[in-house]
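Report on the following structure.
Chain lettering (A, B, C and D) follows the sequence in which the chains are written, and residue indices restart at 1 in each chain.
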């Protein structure tokens, strides 16, 4: 396989990229100067050397001092509210939630659990979450866990599984388990809302 | 103007229909037999004779006895919970909400109030709503008004205006004013949710 | 079935209209005054009385004198070039082609022939076309038939069938049978053109 | 700027990629193993070392022998028809045209000339094209130049400019200048075709 084919195949693995766009990326890179390609090549190589997975929340972050850091900017920030733990599916969720002004801590689960899977996939960090909650719970540091899963079938499936695992701990350690409110999202019109959303919006009316 | 042009113009007034689709409607009718056109013509003519606007909720309904009925099937149903009044923008909202299992009564406002308008448009039945609430409130029959406006800027603007009007009455007559819960609607993913929706989902978490 | 349901069902038969939009049409009509509904009802009723199907090209047109006319404005116009006959699928095609400046006559086929159908559907006027061509051919009035079918599989299937039928007549009466040129349509980019279109564009290069 | 930000910015320069998708690419790479990132980094670095711009047609190709090759697989193939030169805008056009079975040679122009630009942009290889045509024309090797520009306003503008430049040479060297046929592209329906496309389809009817 030649180097154009090879790079096309690597770009096809990128999220949301098909064969045609992968090929356009390669043509774009071919039309650039070699210096620009070396820049990009170096930036990709650097990514692993300058980033680390946070020991606490498991999201990826950029290290300012390569030798020492093990905590991301949020977990290492003493001003954050350590009593509230927001469980999210993936790193990108955290970036989006930060814009809403949330001030607690996060735990990045790594994904949702497929409906068909008999056991929890390796990339979903349920084991790591239980350890984390066990540690924080023992230290009486935890008051609330927010289950921030997507409002999808797979998100709901994962949420129910986590609730089952966490419920005994919540009683032992005395913390709440909450889920994000369901209802009308910004821009919704009642004429087009699904019955489920209307029911939820009625339940959470205030 | 010929009859093809004239009918095209009338179809162009239909919601969501542009000139091209209006014309396709006319071609479709031309390709049908005259009997089919007379059927449609009659059905449109009948609409006004067999329907009435409910004296209570202002939605349109089909009369089974042309002489007598003045109440729609919901307002005339003694089994509905008369203590809860759900204010909606339009008739189509009611049909959709019914699917979610709501058992109270409705009031059809007729539309939302544009942000720019200096006074409340004639088609928005704020005056009629105030009369209705005054009557039901005096009879101590009302416990809750649910403001079921769309989660849009214009919906919010209308909601604030109604709250202002209804607040003094709610104190005098001792009923609650609530709004539909905001949060994640079915299918929402956190990565793509707007900050407003995330804030609301955090506020209504449970 | 009540008159709202009934009218909804009639609107669902309109081209491109589903149950939800059919219902919105009914709500729109309900919100109008009775006078507006009677206008629409009358316009639909009038359609059949003021229109006729052209005896020559089979398209629908508006009669100015109800008693007499049998030819549409194009077929009845002595200035049109009677030597060129443009076969089209439907009335709406003619309106669109007129904008391109074509000055000959048309014949409206009524539709395309489905690939699976063992015989030609009744609504496709192949028999009428053959009679027309026979008459015009005998009179030595015809120099060219343009087959203006869509560039789709069903359009091509219909085109081949018509060519087969018309070929013997074209030899007997000495007229040409042509098809619309295939190639790049306005706005096409070569990167995204299908191989078929590129082949055609190469064949018709000039 | 940290390495996540930096890489996000480099991906934002990719064709069709906005800030959100650029960020998803970085998250995807972060979630991969370092070995996968090094693979990608190397493939991008290799691109410039294993590829060259063809001396004849100016498209990029993969060298099998890094030391020697100067011609791409098409220009270096003695079986191709050297009498026909297909002028295209960009490399991706060639890959697409090859699927249609064209057997001549190409010249990759590098882009189209913007309507507003007072002079021909540096990346449009008009000068190189003129040299090429001069050489092939002198050798009496050229019988036809096909102008394969997009059927867009900018494509037409570029085509007219090239015709002007090439016309005197075509007379001197006795070759034809042709343009791709315009007409219905595969899938077109007459009802929705623009007047320009219908006019072209009528002109190229056969």
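Note that in this section a residue touches a chain if its C-beta (ideal position, glycine included) is under 8 Å from a C-beta of that chain, and two chains touch if they have at least 3 such contacts.
All values reported here derive from a predicted model rather than from experimental measurement.
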Rotational angle, Cα trace of subunit A fitted to subunit D, multiple of 5°: 180
Interface residue identity across copies subunit A, subunit B - same or different by half: same
From subunit D, the most remote chain by mean C-alpha position: B
Geometric centre distance via CA averages, subunit C-subunit B, whole Å: 41
For subunit B paired with subunit D, centre-to-centre distance based on mean C-alpha positions, whole Å: 55
Subunit B: positions in contact with at least two other chains: 90, 92
Listing of all chain pairs that touch each other, if any do: A-B, A-D, B-C, C-D
Contact footprint of subunit C on subunit B as seen in their complex: 2-7, 10, 13-16, 21, 23-31, 34, 37-48, 50-51, 60, 62, 64, 90-92, 95
Interfacial residue positions of subunit B with respect to subunit A in the complex: 88-90, 92-93, 96-97, 99-102, 146, 148-152, 155, 178-206
